[in-house]
């Protein structure tokens, strides 16, 4: 028995760890460091219909316990990804999740239709939460009805399960999660980055050329845990949890909060071997804590809290 | 590319706010190309949260010894300067593409132009070029006399011209003033320093040259797209309109990218 | 000339630094450590009409670069504060800001009416953003109309200026800020804590007895800076900025983003002398950066960005 | 109450996961009351973000030396255990109200009951009580023999009874089993340890006693209300229905607060 086995719609993973979208490119760089087959799955950078140049630099800034990024969804566009990036990944025996983004619903559906028919794509992550582009992105993720509408449209054309990536920059994430569930989402990814800013005291201007950026890293972990805890009790679809995972304990904390699998973003920059290191450390820690099968702890926290009521 | 704990052998101050640290470890044997850099995890934990890119200033392969020279700017470099011999820091590298030296032949003249903390990588480069039998002219730009570092080391490799903005030593003005005053010609130039300097050098210097760039980084290996720069002539190449400074660079042929 | 002089409605401060509500009690504890007259002002713990017992313990948890708290507005109630806490503060020559909270609008107005007539109260901070109580608190702070309505009622009965303390747990903070401005607010305080959670792996349950808590500390600074930047460009009333101020540079960053004064919360726990230390360090840093008068840098960032458009 | 950088004089391991650190600095002269604690800033910066409360285990006023004994639990205490002599850490204290000893007269018998890392503060207390001429009986509870620490030190002060849960040394069982088996009587008891132990001791032990409590803290000085506990009989006192462990405690008369 593989104690780390994780089964999600479209994703049969030998462990619950995948890199988070945008933090791992299309895998080629990290493949120089270690065998990508070690991963539970891979989630690639956001893909849009046409190539995008992204935002001017500086695109990243350090913050206490975290970082801001405003890459702006730079990517080579759908056809380049279909022709070059995805085929390269075929040599690996891991599920591939493709994060997709767009300006308008038709962008999304076109990308979803094509991508979901690619040979080795196991699932789509519908990015309605990118805070770094003016149109599209987060605009779809902050209103339940808009999010649901887009989900429905994308589901209608997709041949693979669709995970909707939710934005934490909302007053109440639960109705949005419920709405996309009703609209047919197969799962949720949460959380994307919190909108933040830093100012350079010497210039008096924002550090990022885009002024604001998305806050990621350890700093946002408590917000992610809270939102996953809230949402997991109100929806029946599985959650891929992310936001500040750096240590093995973080993975367990996300799962106890309600996640069924996790994604590691910023940590890849601080420890380029973060994913394999975390995967390797999981079983030892499970032994210490007396956890037999990893999948058994998902949502344990809310179950325990309900028992004691 | 390894991520290894390196042991601090020596830490010393070279000039106001300029420190030199010598590190030891196996992965240093791979650090053969000058112009490459390493990504330094200043200390375990999340403070500071990102790694710091620092250029390889020198390598002694047999001793497995790496030299970094850095200016204390913010929290990370200040913490680094507080580390003492015996302590270990995690260093990921070598990263990026260094200065190409294959085309350089014995007897060629190479011009090295550095400003501030752009100077360190030129030293390792200069040593390799000198070994190839090239003649080295070095122009080093500083704000004022007391900021000068590595002058003697470069003198061992060839002729050195110092420029200071306030004229307190050497040529008064900028490195480009020194380039303009150069009596001799050169076959290739190599430059590293702040962007305004790089732009000026690219305009002033002649012949084939190579510039080393800086940008804020996330991953340091080409995966996050934090550090891109634009091609001057996007039409000319393989389709990509940009370059990643961390992995396609930090060194580019002069004229290839927008500075 | 006092280069640190800060003038806000009701608050004539010799420097821009005050402790944040809830992190400084009613001043008596810190008065044992240093002379409170060093402060620009003091902001005391939330006061409610009746005494409140607060939440069960544990009430705090550590997070990366920050902390969670779920004190739950424990306080001795209006009359005790009027009779004991405020008179004790009379010996100090600094403006006193009283943070007020309630279950219902009438609670708020009753407290506001009485408190604003106390001898040494310079301003009210209207807390519509406490994430740690079931009723009242944050419920008033997440909808523009509700927030405006409460602001208007409190303004109507208050003898001193009213600063409305906004919640960052909202999709868009700007309309809320504008609404309370229209309703007569004299200023804004921002930000209160972000809603977060931590789970204890050994017990499988949330670390906090209240499950969720408010995230404060350095971790949230980029979110605070971004919100202050956004809001300061859309309202004309001054902002008291807070959220992760630990260093002198942070104060300047908040002011450049758009704050006119700042409050220091969590830092008081990590360095009990944080406030006087920060105040003492301000002028030296202003010299280094060539800042003559501190008040001149408020909103400098957005001014500079507009110039370059 | 000072917040001072104290210099590490000694760091040593006493038992599995149990460390003893000796610190030196002026403010230690103020640390005269056993049962008080200090708030330790493990290292500069935001990682870890909060201070750690640790009890004063011993003080040598003339040498300005403070002893802390701690178990490595999480990130903070693990980092602390890695600090070596010569390093400095910021320590804020003394904080809270310690064990009252005024009523103890020469010849009185005092019972000290400690479990795990509740033991350290009882040592400084025991030393002061012994100086007053009191007779000391100490009951120390551990999980197993190898966990035992400070046994010899307490033996210097009087009689020591060890209990271990697995019976690998001393009385098998809990400290309350040892209390029940006590031949002699005592005038006052003092106890510190995990809450279940404190509750059991309060039920089992006789006569006036004092318990030292633990709770997660923010400020450590009574300003944030993180660390409150409830009075057993809220009606009996000044109006406040709660106590702050950091400033009203950590030591309370047995029976005063809900454990």
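Should a chain be cited, it is by its letter among A, B, C and D, assigned in written order, with residues numbered from 1 in that chain.
Just so it is clear, a residue touches a chain if its C-beta (ideal position, glycine included) is under 8 Å from a C-beta of that chain, and two chains touch if they have at least 3 such contacts.
Because the structure is predicted, anything quoted here is derived from the model rather than measured.
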{"item": "Subunit A to subunit D, fewest steps along touching chains", "value": "1"}
{"item": "Geometric centre distance via CA averages, subunit D-subunit C, whole Å", "value": "36"}
{"item": "Inter-centroid spacing, subunit C versus subunit A (mean Cα positions, whole Å)", "value": "33"}
{"item": "Distance from the mean Cα position of subunit D to that of subunit B, given in whole angstrom", "value": "55"}
{"item": "Residue list for subunit C, restricted to those that touch at least two other chains", "value": "63-66, 217-219, 246"}
{"item": "Two or more partner chains touched - positions in subunit B", "value": "46-47"}
{"item": "Arrangement of touching chains [line / ring / star / complete / other]", "value": "complete"}
{"item": "Residues on subunit A engaged by subunit B in the complex (per definition of touch)", "value": "22-25, 29-30, 32-33, 45, 51, 53-54, 57-67, 69, 71, 74, 76, 80, 217-219, 246, 266, 268-273"}
{"item": "In the complex with subunit D, residue positions of subunit A that touch it", "value": "64-65"}
{"item": "Subunit C - residues contacting subunit A, complex", "value": "63-66, 68, 142, 169-172, 194-199, 201-206, 211-212, 215, 217-223, 225-226, 229, 244, 246, 249, 252-253, 256-257, 289, 297, 300-301, 304-305, 308"}
{"item": "Residue numbers on subunit D that touch subunit C, as the complex places them", "value": "1, 3, 41, 46-51, 92, 215-229, 239-242, 247"}
{"item": "Contact footprint of subunit A on subunit D as seen in their complex", "value": "46-47"}
